[in-house]
Amino acid sequence: MFENDNPAFGASLQPFMGIPSFMRLPVSRDLADVDVAILGVPYDCATSFRSGTRFGPRKIREMSLLLYGYNPTLSIKPTDKLKIVDYGDVSIIPTSIMHTMDKITTCAGEIIDQGSTLVTLGGDHSIVLPLLRAHAKKFGPLSVIHFDAHLDTSESEFEFIPYSHGTAFHYAIQEGLIRKGAYYQVGIRGPVGGENDYLDACELGARTITIHEIMDKGIKSILDEIKVGVHGPLYVSLDIDVADPAFAPGTGTPEIGGLTSYQLLSFIRGLQGLDLIGCDLVEVSPLYDHSEITSIFAANLVFEYLSLLALKKINGKI
Amino acid sequence: MFENDNPAFGASLQPFMGIPSFMRLPVSRDLADVDVAILGVPYDCATSFRSGTRFGPRKIREMSLLLYGYNPTLSIKPTDKLKIVDYGDVSIIPTSIMHTMDKITTCAGEIIDQGSTLVTLGGDHSIVLPLLRAHAKKFGPLSVIHFDAHLDTSESEFEFIPYSHGTAFHYAIQEGLIRKGAYYQVGIRGPVGGENDYLDACELGARTITIHEIMDKGIKSILDEIKVGVHGPLYVSLDIDVADPAFAPGTGTPEIGGLTSYQLLSFIRGLQGLDLIGCDLVEVSPLYDHSEITSIFAANLVFEYLSLLALKKINGKI
Amino acid sequence: MFENDNPAFGASLQPFMGIPSFMRLPVSRDLADVDVAILGVPYDCATSFRSGTRFGPRKIREMSLLLYGYNPTLSIKPTDKLKIVDYGDVSIIPTSIMHTMDKITTCAGEIIDQGSTLVTLGGDHSIVLPLLRAHAKKFGPLSVIHFDAHLDTSESEFEFIPYSHGTAFHYAIQEGLIRKGAYYQVGIRGPVGGENDYLDACELGARTITIHEIMDKGIKSILDEIKVGVHGPLYVSLDIDVADPAFAPGTGTPEIGGLTSYQLLSFIRGLQGLDLIGCDLVEVSPLYDHSEITSIFAANLVFEYLSLLALKKINGKI
Amino acid sequence: MFENDNPAFGASLQPFMGIPSFMRLPVSRDLADVDVAILGVPYDCATSFRSGTRFGPRKIREMSLLLYGYNPTLSIKPTDKLKIVDYGDVSIIPTSIMHTMDKITTCAGEIIDQGSTLVTLGGDHSIVLPLLRAHAKKFGPLSVIHFDAHLDTSESEFEFIPYSHGTAFHYAIQEGLIRKGAYYQVGIRGPVGGENDYLDACELGARTITIHEIMDKGIKSILDEIKVGVHGPLYVSLDIDVADPAFAPGTGTPEIGGLTSYQLLSFIRGLQGLDLIGCDLVEVSPLYDHSEITSIFAANLVFEYLSLLALKKINGKI
Amino acid sequence: MFENDNPAFGASLQPFMGIPSFMRLPVSRDLADVDVAILGVPYDCATSFRSGTRFGPRKIREMSLLLYGYNPTLSIKPTDKLKIVDYGDVSIIPTSIMHTMDKITTCAGEIIDQGSTLVTLGGDHSIVLPLLRAHAKKFGPLSVIHFDAHLDTSESEFEFIPYSHGTAFHYAIQEGLIRKGAYYQVGIRGPVGGENDYLDACELGARTITIHEIMDKGIKSILDEIKVGVHGPLYVSLDIDVADPAFAPGTGTPEIGGLTSYQLLSFIRGLQGLDLIGCDLVEVSPLYDHSEITSIFAANLVFEYLSLLALKKINGKI
Amino acid sequence: MFENDNPAFGASLQPFMGIPSFMRLPVSRDLADVDVAILGVPYDCATSFRSGTRFGPRKIREMSLLLYGYNPTLSIKPTDKLKIVDYGDVSIIPTSIMHTMDKITTCAGEIIDQGSTLVTLGGDHSIVLPLLRAHAKKFGPLSVIHFDAHLDTSESEFEFIPYSHGTAFHYAIQEGLIRKGAYYQVGIRGPVGGENDYLDACELGARTITIHEIMDKGIKSILDEIKVGVHGPLYVSLDIDVADPAFAPGTGTPEIGGLTSYQLLSFIRGLQGLDLIGCDLVEVSPLYDHSEITSIFAANLVFEYLSLLALKKINGKI
């Protein structure tokens, strides 16, 4: 097992003690032999309503101390199989999304180029565009599963600047970062701007899976469809608001009528066997998470993803 | 489309900006050609436990700014089909339910008499009695679907004054405001005062549909029964505590074991095609809604109702 | 009916008024003819993460004022059939779990020895060990149904002291307090320390029923299995974190992917007919329960248990 | 010392344990030999902004458990010198201020007539009018010191009903309940309706002492003036919003620029030697008191008042 | 008096009712004959720590409903003397401070050019630079009194973009927007980056008045100095964190050891007689203002400023 | 300057980014050449009312990121003059104060023996006894300045175990850890158990300086007295509840009528020149600190103490 050998972090402490790196993993920018790097991107200035996701990475790290390490559902202890580090945060520039995006692309690229799989903690959903740029640069056009209540394929939200937390996938597709026919939007629901929004997503090549489809067909059936469609390197982008606000109140634009935590966990676990090459978990806003249940949920989702990466490595693919 | 032409309201602003009328609709008491009037009734002094619904109308208005306008499930943009105004609030008198009820009846009557459909934001559930009085005066005895965890058919709660947030339907039936055999209580559950409570409701003519029936038979089956039973003008009274406290924590008397937001949305959408002539949404208490998810839920339920009204108008009935 | 005859408590008051003993029952240590004693154990120092359950008994008492008395699902008014008192709290010593455990065992023993059934409000889950000691002393080895997200069968959590909120059942089994083959852990899920944790529980004799089994087989099927397995006096230990954090955010170590409140209520009601001789409800932390929904949930679960005790008495068994 | 001899209340427990009557005093309506009765009046429906004072009495009781009993500044242990009981709450009717006022007058009168000094926990400030009626009935026109940020001498606030939390002293003076020239308003500040508001108070006979006077002259000087003016039985009405919102955030209509807690304590202690015959402490709203500091402040102010009563008794006057 | 003649706003309602424009003033962009325009600038992306000031303007508007209109300290009712409108919000672009600043300058310029005095509600303190640009364009170099815990004269805070909430006055001086020798920083305290920070401010021409000077010399003495130094049009920029966090917890970078609310009120009132031509009140973050006392404080400070403008108009200067 | 050279910590980041060690100092247990070690002691089980100080060290670390480094009042940048590390937390055992105290004494001793000055972040005030044991072992009997609202010289609080957060100084004196005539209790106030409490403290040798003395004589005068009395190595124990709850709401047993933050800062700065050899800052409970102002206050107080240590080193004494 690859452990934090700095005693001041308190590897053996109970969750309320010690300095919170993700799962008490080493805080390091040395990626030699590192399988997975956890990266925080505390940017929250592209949100259209409630902000606060700038504190997402820090709070998810703190709540990750509750993860005792072994995943009994998937029968794996990720930190036994993977060398993981907490890479710290990108130094974002809240006053400028353009500069922030460049810094994210650069930082993510440096990690990916050294052979580590990148797991990113947001921040708002605008950060997925530079993350996709960095991944597509190495892996080519990506298959993408995008969990969300919202389409995020609008052309613009604010004036002057096209990029926001609701437009990232529009530009990702336009830039050719996503493989044709391999882009799945899962959990979509709620009011949209107009009748063309779904059509626009469709014309961009998205397969929009609404909450109604999930509730009607069941998760297994949806997973079956997705597994047929995705090819090659698969990136997972997980907006916590795909879950119902009851399960994830701490987010910027809650959308009622969503998934339960059990459903979302089952969905993620169902991705086992796919060529997972990176993911992000975004839109956790601790300011609206008075019981910390959203951050705990997020930490668990990252843990499930790490478990899948560990299973992938066992099978010789990482 | 009928829009707010006052630029100071900021029709094109994102949800965190501008002055919050309901969905940024015009704030007006001029009802010429108005299809629907949104009315706030910030009365919260008839509650038996936690108060705070006096801030319900204001908070639901603020959260309504999140509603982007087009309903993809029902394929309609209500503000395109309906002329809607935010009529402001009734000037209630918190020290006297009797005077408050008179003011509500009068104000609601003025709106209804001018031909607008009234959609009311509470306030506690005591306000439904004067609302039913105003509607029954115009429409005659009403079919009523009453979503709630509680029966609200008690005879009295406090001394001296018969009216409270738990007695409104008792008196509505006694006063003949509700059509015989067309009163449905949906979602009922939780401890009651005694073994006669359900019997009393039944003897008053209520069809009490408990949460157990809904969970056992499914929403579609319940809707089928209701659609057979209701006739003529149908009033919908929606106490947010019909939802489980996980989905609607911000309310005065939460009752565990309730509906999910997805279930409640489905129920409301299932009312399509009925002769909807008015509704209220009550018991949202922002003081207990730290993540604002109850107010967001409430705003969405009103939006679904407006969508149904828009569909009704398309079909020539409004 | 057995009522609080002290007018200063306000037996007829609405829930926001008066001094909160449990359900406004008499506050008394006189157990003559008393069927059930409610006991608070405000100890919260054996928790591995968030504390605050020291305020659990007080808050559950306050929220119990919402329980109007008659259980329409089980058709019983427990306070009509049972003489119940609020026994107050054990005087715990937060600085020492050893002394605290002794005081709990002693206090619980005094109640049980006088023939009253004990219903305990926690406090963290470490308190179940002294409670089991007291019950086993009178009843012999107990059948136990243990609702929880966590196994609680670890050998140790902190240094030096073996007892904590995650080890109670390990020592209960070691001490022979639990009948062989009659220990059910219900709702287990989430990351554990290692691959042996489930195996260890199994070797101790636990029947571990994971959330996956419940979701797959349904509650009725699980209940059927349990009813076959339990024999003789049955103790129920209910850790509120068996419910999903959406339904029970106010707890120390929330674990996502759990039961809904409707599911848990159904489970408890399904215990009807078994030889119920005591229970505890633990791990409610009001500090993380901003909308009080966890405390309300807890009060209702106790109410359901009291209803079962009343039904048992009618059938001549109490 | 006069103690609570019911062991279930837990007289020797630390503050986080046990059932919270005021300072763990006996809960009783038997006033034989009782010097002081603590009475809760959980009425909050006469407020013009934020409500929630219905939970004031209960929360102040809970926080009173922090009061260890001996007052080192005044060198007295009130519970040693006075027989005090917690009388419970008036059964108020939130839907009607008129009926509520009658019930308060009646209940207060019953206590006063039996010779106990009444100390009332509000509730909003409208409750002072019926309290003054009850006291004036026994004692004749009263000297009154009224601590407040607001004048509370308006003629009306809402339509139809003259009584509210901002009008009580207007009607108290009109009804002759207050001795001419012996009514002091202390701490007044903030915007008022119009230029006549201060003049009206003056014409009613009030001596309005603004915050500016207190800051400029000092508390001792103000006390000297007051001591010259008051005669005979002195009633103290203490609206917690006389303190600055920093010190008392948990109130309905906070007014900036007020007293510190040290200043207010000093002021109350300075009343030593006057003929104190009753007091109320109102406008504590726990819903806005997230750190409980307002309730703790309130409990301490009551404790200081009880200390003054104990000193008065020693000097043979109670 | 100039009133809101739209009855739907509810001019006569109590503070908890109705739609909250600032002090229920007309919501309008028609500035004919308008003396003062209230403008919201909900931009919060230039903050170095906690954000949330995007909700500042909306919350301050809501709390302004508590301002009853007449200022008894200054003996003036501002809305009687001044025609004031609520101009709504600037449509800011959170993803780009550069575009946002341009929009602020343009919007402020349009208001000022029509002859209205501009009173701005922030938003974070970066917005003062475009506001000063707009004012200096009309009035020439301005005298400025800048209340703050922080110097705000740094050269840069984040990479690439020089502008942030800590650099505005550096660039304002560099651009010649501030009159030489007429820039006062009041209330400065707390740790800074290095020993040159104060020197840099001094070299830029600032007169830095630390909290120590205020505490030692008193407010009157400081005011005397300022009144000697300022000449011509005077702009006031008020960062709420000049107050101690006890009085203004709801802000992004609280700095302990600051002014009380009484002190700050006295300071503002002491500006009477100066040539006040505009002001802003910034850095109120409702997300950290659980009791709303910071927003209430802010609304009162704006009210005092409006009172000064009314006095100025009476004296023929507006 | 001695900096954190691990780039993953983000030395140049703004406060909302990166992993929070104290002031972003190196996390290390290597004390070679280290002047000062910051140590967390997250023990909160000896409290008599509200707990939660277990999260104190973590939250104070996070808030310390706001400290920009240079102290303009004392004209020193402590991290320039001192080599400081964040030593992490003691692995406490919440179930046993006896074992916890031993672990604290051992850990503190290891740090002190290596020549580093220890600055401890609590945790509740019971931790000061083992800290004094460790310091007295090296330095002999200590002069002690103890800031607190409470005497903390009681003999016992709970049964069986003499140690609690209210008894530490009783036993410290009994054990001879404190120099005779050199123990100052500063800021004492509030109700106590009985008339002997102050006398007992006096007989133990304490100089009890009440809040009244401070308010009457002024801080400078008190400091003068203290400076005459203390000799040799001086330990400072700072219970945050010495400040008024308005300034420090986030604590377990708030006591009204206390110091302002400006007063407390002044007091600490006044200790310049004394032989400071260690300190602790205790009783910060983030659970009750909704605006984080108590944690920010605490971080600043530690920063002032570090500034004093830096000044001491410059003068050749460290």
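A, B, C, D, E and F are the chain letters, set down in written order, and residue numbers restart from 1 in every chain.
FYI, contacts are C-beta pairs under 8 Å (C-beta built on N, C-alpha and C of every residue); 3 or more make two chains touch, one makes a residue touch a chain.
A quick note: this is a predicted structure, and the numbers were derived from the prediction, not measured.
Fewest steps needed to get from chain A to chain F, stepping only to touching chains, is 1. Any chain touching chain A that also touches chain D appears here: B, C, E, F. When the C-beta contacts at B-C and at B-D are tallied, the pair with the greater total is B-C. Residues touching across the chain D and chain E pair largely diverge in numbering: under half of the numbers involved belong to both copies. Over half of the residue-numbered contact pairs at A-F are shared with one candidate from B-C, D-E or C-D, namely C-D. Chain geometry summary: the mean Cα position of chain D and that of chain F are 38 Å apart.
The centroid of the Cα atoms in chain A and the matching centroid in chain E are 40 Å apart.
Contacts with at least two other chains are made by residues 16, 54, 91, 158, 244, 246-247, 290 of chain B. Pairs of chains in mutual contact: A-B, A-C, A-E, A-F, B-C, B-D, B-E, C-D, C-F, D-E, D-F, E-F.
Considering their complex, residues 14-16, 65-73, 75, 77, 244, 246-247, 260-262, 265, 290-293, 296-297, 300, 303 of chain A touch chain C. Contact residues on chain E toward chain F in their complex (touch as defined above): 48-50, 157-158, 189-195, 197-198, 210-212, 215, 244-247, 249-250, 253-254, 256-258, 288-290. Of all residues in chain C, only 6-10, 12-13, 16-21, 27-29, 40, 42, 54-55, 58, 61-62, 85-89, 91-92 touch chain D in the complex they form. By the touch criterion stated above, chain E contacts chain A in their complex at residues 44-47, 51-52, 54, 91, 93-99, 126, 158-161, 163-164, 287.
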